[in-house]
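Here chain A shows up in two complexes: once beside chain B, once beside chain C.
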Partner chain A sequence: MSSKAPLFTNTKCECGHQNPVGTVLCEACGKPLEEKEAESSENLEMRYDGVARRSQRVNPGIIDRVWNFFSSVKIAVYLIVLTLLGSMLGTILPQESTFLNIDASTYYKQEYGTAGDIYYKLGLSHTYESWWFVTLLVMIGASLVICSLDRVLPLYKALTRQKIRKHRQFLTRQKVVLVTEVQDDPETWVERVAGPLKKRGYRVKTDGGALLAEKHRFSRWGPYVIHIGLIIFLLAVLARGLPGLNMDQHLAFPQGEITQIPDTTFYLENKKFIVEFYTEEEMPEEFRGKKVLPKLYETQAVLYECTADCGDPSKKPQLNEVASHDIRVNSPLSYKGLKAYQFDYDLTPVLRSVQPELKDSRTGEVYGKFKLTMKNPERSFEAGPYTVTLKEKYMDFGLSDEGQPVSVSPYPNAPAFLFLITGPDLPAEGQQYFYFPKQVDKTKFQQTAINDKLGGGSRFLELEVGDMKDVDFSESTTYLNVRVDRAMPFIWVGAAIVMLGLVLGFYWQHRRVWLTVDDGVLTLGGHTNKNWFGFRREIVGVLGKVDMAVDEKTLDNGGGLA
Partner chain B sequence: MGKARKPVQIIILFLIVLLGGYAIGSSVFGGDGKPKEGSTAPSFELLGLDGKSHTLDEYKGKAVVLNFWGSWCAPCVKEMPALQAQWEKWKDEGVVVVGVNVGEDQMTVENFVKLVDINFPIVMDPGRDAVRSYGISPMPTTFFINARGKVDSIHIGQLDLSTLDTQIGKLVKR
Partner chain C sequence: MSLLDFSSDIFIAAFFLYSGAFMLYTIAIMGRKWSGRKPEEHTARWGKIAFAASSIGLLCHLAYFITRWMGSGHIPVSNMYEFMTFLSMMVMVAFTVIFAIYRKIILGLFAVPISIILMAYAAVFPQEVQPLIPSLKSIYLNIHVTLAALGESFFAVGFAAGLMYLLRTVNFGSKDKNDRKQQRLVEFTLFSIIVILGFLVSVFAFRGAGYESVFVRPNVTIDSPGQENSTIEKVSYKMPPIVAPYDSEIESFQSFLGMDKPLFEAPSWMNGVNAGRKFNTVIWSLISGLLLYGLIRLIVRKPLGEAIHPVLDGIDADDLDEITYRAIAIGFPIFTLGALIFAMIWAQVAWGRFWGWDPKEVWALVTWLFYSAYLHLRLARGWQGRKSAWLAVLGFLVVMFTLVGVNLVIAGLHSYAGTD
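The block that comes next holds the complex of A and B.
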């Protein structure tokens, strides 16, 4: 490949055919063209049937040079090796994309020390998204396209325009050669041998005393089919970056709630989440008493699609049920390319609403009951003769540095409500009342003491939950991995095409036999792209049918390949 | 084939440069999808305290100071007076301060607004959609968006009166 062509090359063969620059074997008769090659007695270089690659030319311009760079198989091999080495770097430490919530700039240092920090700073924590890795992939893609084009077209031309009668040197310098005497008239002998060749699936063409038998040419296209598949594969991977084609989110769905899937018009309801654990007996000895292992976790999910008022936050979206599924590990909910996989769960109950009763602590009389939701509660309630107005609400009650009541987080960990109650036997401006729905908070923050202070010693109203039925919990939260990957069908198509190419190339061999009978001498040359052993056997078998006993080994013209 | 060769080569190389450029470009500049300084501020549609829905587009032509806050976040609470003061100072010069409340309900927000006595526009993001598209992690985070809708600078953490003043000053000049 690297041998430089001399300044003036006579590319015209003695058979009269004008060959393009870079041709190794005459396109017509197969005679070696270069003098050095013609004088040698080594086996012929049969790659691409000795034709010039498409881009080989005398005075390459810039475009030709770029083209030739990518057309080189040597470069392709270097690119592939570099990509392999680069990919290895990305496997040393877990990649950033495998974590859900980390700050990469500190995580690697904390977890892996200085080496981890260097790894992160070199950008290897996202190797496969780095510019140099993508560049390598793009260059491999370019090389695939250009290498294939440069070779497949000349090869196709060479194979469709094969001459039957070849130069004697072309025959005797194949890896399978037989030179022997025949008594018959050339044309008769050629006719006789054509029959058994055809029987073995060869397509036979004759030209007087010359014959060309060929089979399974299609196997030569195998590598190019593989390349087409790979290019589709690469393009599909590239297309995943386009908006709307790929999504991968990990989302929390509290039980009993409908939650929107961000960036889509879909909403998912977690109707019920169940988890079963392995019993002590089911677990191996070493886990007993130490580990709690879930046996099954399942989200009974319903998927809704928004049909109207979707983007407008001032309106309630109108939802239409489109799918439902009991999501388990490896059994996702699937709807039009959107998949929701079971990923994790959290069994911490979250308080959703309580229905306290307004009670007279002196008589025990219950005035009424109202529903108090943690999120967006109603502001005013009626309980018998009393009006209860919600004044303040703290989701996670605490005190600020200045001693003011504040919420320390937006999550309902320790909800607290400040009401103003008005009605009979109360001061005209009403009475304030602090209410902690959770029993543990009541004691912790001393609800009674606060209220005694707010309402004075004579207060007689209490808010209490009478029954556990009146407490609504979201028992658990399920975490789902919601994915859309619309490029996936193309990846499968690409992979299938690659497989097809592999099968074509592996399970069939392109076999050709040329022979001429001149002056009572049979000259036979044979070529295949692999399985020379089977090829020689086949020739021996064919010759046996025309009563010519040949030893398999004598067919071997050397060259080191089996 | 001989004559068409050059154009074919050029077309194929052009396609490779185009697709390759897109691939490499998106790996270099695409990043994690969070807006950076100089990138276009993501649009949002959120319910305001006034009961109407608001988008970033309606402030086009104005410099926007977009402040993400929560009533439980102490530094957010502390910077509110500074934001209010700067809102009063700059509102007649084409600057609008917009507070985005993160994940709380209307009552909490209303009470808070009354308590700290602010009157710049407040929108609510209960589903954390804007939080996601702006890539907010710690709070408060303030985005300074210029009149052309591009992110001019991002401030993470509590703002004081003077930095806020210089930032807005820069924003108006550009």
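The block that comes next holds the complex of A and C.
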């Protein structure tokens, strides 16, 4: 491969064929061209049949140099090995991406000490997204393209214009060689041996006393097919990074509710979530009473598409059912590229709505009752002579560092409502009232104390739930991973092409036999790209059919068995 | 007798048949020098008997697999015990395929023991049939795991042939610096195999003796709202604790040869409660491995490589080189399909992403890249013979780390494979 052609060489072969610079074996007759090569008795370099490649050009320019760099198999192997080592490094500690929310800058130091800190500072906590790793992958891509182009074109040229009669040296310096005497007339003998060769699937061409038999040439394209598949695969992987091709959200869906999937026109309803565990009888005895094994996670889901009034908060969106599926692990819901996967669940009941009564704490008189939903509550309610107006809503009540009430998350873990009540016996501007629907929050955040402060001592109105049936819970919440990945078809096509190439390249071999009979001497040379053992056995079998007993080992001209 | 009982019985039958076959292969190869017959005749005759024995063993192994499948209702590849028994079966399948092509009796001498060791390793793990958790309920369990194991088994046969090539070609008589290096490397490879045997011997010896010591470690974690959770982690040692888990207390200690407390404590970076136990297992494996190795050295009175070398006399080195390459070339597409492509398809269906850089995925990729490099070096750079054989040996190490090491040391999403 490293054969550097001198600047000026006579590349014309004695058979009259003009070869390009860099040619090792004459394109026509196969005679070794360089003097050093011609004098040697070693096995011939049969890669690409000795045809010149682009990377062997004289006077390389900058583009040629880049081309030469990437066309080198040596470089390709270095790239593979570097990627391999880089990948290994990334498995020493868990990657940042495996945690949902951590502060990586402190996490690694805390968990793994100094070593963890160094690991983080070297950027190994996100190895696979790091610039050097991505660069390696891109370079492998470049190497795949250029290596393949550099070789497939010369190889194609060489294999489509093979001459039947080859130079004697070409034959005797193959790895499979037989020189022996034959009694028959050259043409008769060649005709005789053509029969058994054809029977074994060879395509046979003869030219007087010369013969070329060849089979499974397609196997030579295997490596290039693999490389094309890998290029498609890598491009698809890169394309996944483009905006709009990819969506990945983890969303909570409380049971019995229709929830919008953000940034889409789709809504998903969790009709029912089921979790089942194996019963004692289904478990092996050793585990009974010790282990709990889950059996099933299932979300009975219905997917809707919004047809009108979608983005308008004042109107109810009009939904149209498009798909329904019982989502389980290994069985996602799928609709036009949108997929929803079972990811997690939470069996904590989630408050959906309460119907508090407005009561007079002095007399116990109930003025009225209204329905307060946690999500999208109405703005004002009437309770007897009083009007209750919603001023603020906190889904997950908490206090900010400045002591201001805030919502610490969008999930209704600790819902709180600030109302303004107007009506008889109240100040004209109304009275503020904080309402925590959950009993636990009432105590935790001291609802009474807050309201006493807001309303002063003359406060006499309270919001209270009178009956448990006025409280509505969603029993559980399922977490689904909602994804759109438009590049997936290309990933699979790439992978399928890689497999096709692997099968072509590894389970078949390109075998060629050249032979000439001159003056009663048979010279046979054979070449295959792998499995020399089987190839020699096949030739022995063929020669046996023309009553020539040869030992497999005598065919071996040495030089290893690629 | 239930199907599952029959299944474990016939598995034991397969184990003994393989062991018998291994001895027959030994007779076929070693016996050629002292039998009255011509060496070729002797090897051919005994080789046939040995192959028959290992094939009947394989049939029993298949019977185990099918009956366990029927008895448990799912394909038995769902935990470490089942996977290792399956892998050992696939190694025998790969051996049979390669044997059918090349008819080299001696391959049996090196491939069958791999299967035997894997079977013994399987027995380290709990053997009960476990119902499938939701993430394993998929047709891809059947496809992904089986194909990956089959591909890896061809790599195992490539490893066996590569090691044979080295034992055949390394010049064990020479004092030349380069030859000495090769001798040492071969010796180290053989020693590593003996350490694995040492591991198995320690596990089964202490298990047979019913050894157990227990350590506890209080573990305090602080969860997000600032609440302190205190749990007590408990770890049970099945081998005498030379090393105790980091920061732990003895709950019960069974004295062993006068040793009634651990010799030292695991370093702080081994902070998992099980890390100390695993470290202890490694120490015991090394001790038993060294003892075993020393014993063998005392008997044969020369380095193991040198002792095995004459066994391979008269075997054509080029054939071994070719077998190494061929086994890997057959295994590579199967491995790609099973361990990468079907893995990606399954990951896409189960987790919604075809690739997530999970340690197991990364190591499957590392294995694949390693054998890709091997193939490029061999096909385009002419690495044959010695270098190629070393790569085949090293490659199998990568395979075993992917299968066992990742679960043992790194864990990740494939942790349900339950390594102990």
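Note that the second predicted complex is superposed on the first by the 424 of 562 C-alpha atoms of A that agree within 3 Å, B and C clash if a C-alpha of one lies under 4 Å from a C-alpha of the other, contacts with A are read in each partner's own complex, and residues count from 1 in each chain.
The rule is simple: a residue touches a chain if its C-beta (ideal position, glycine included) is under 8 Å from a C-beta of that chain, and two chains touch if they have at least 3 such contacts.
In this text, all values refer to a predicted model and were calculated from it rather than measured experimentally.
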Partner chain(s) touched by A:W508 [first = chain B, second = chain C, both, neither]: neither
Touch count on chain A, higher of chain B and chain C: C
Which of chain B and chain C A:F266 touches, first, second, both or neither: neither
First, second, both or neither for A:Y119, with chain B first and chain C second: neither
Partner chain in contact with A:R328 - chain B first, chain C second, else both or neither: second
Chain B versus chain C as contact partner of A:F287, first or second or both or neither: second
Chain B versus chain C as contact partner of A:Y304, first or second or both or neither: neither
First, second, both or neither for A:I80, with chain B first and chain C second: second
Of all residues in chain C, those that touch chain A in their complex: 101-102, 126, 128-131, 133-135, 137-138, 140, 268-269, 316, 318-319, 321-322, 325-326, 329-330, 332-333, 336-337, 340-341, 344-345, 348-354, 356-359, 362-363, 365-366, 369-370, 372-373, 376-382, 384-385, 406, 410, 412
Of chain A, residues touching chain B in the complex: 54-55, 63-64, 66-67, 103, 129-131, 133-135, 137-139, 141-142, 145-146, 149, 153, 235, 238, 241, 260, 262, 311-314, 375-377, 379, 390-393, 395-396, 400-401, 406-410
Residue ranges of chain B touching chain A (in the complex, touch as defined): 1, 5-6, 9-10, 12-13, 16, 19-20, 22-24, 26-28, 30, 45-47, 51-53, 70-72, 74, 102-108, 111, 124, 127, 129, 132, 137
Interfacial residue positions of chain A with respect to chain C in the complex: 1, 47, 73-74, 76-77, 80-81, 83-84, 87-88, 90-91, 94-95, 97-98, 112-113, 115, 127-128, 223, 248, 278, 282-287, 293-297, 328-332, 339, 341-343, 481, 483, 488, 491-492, 495, 498-499, 502-503, 506-507, 529-534, 553, 556, 560-562
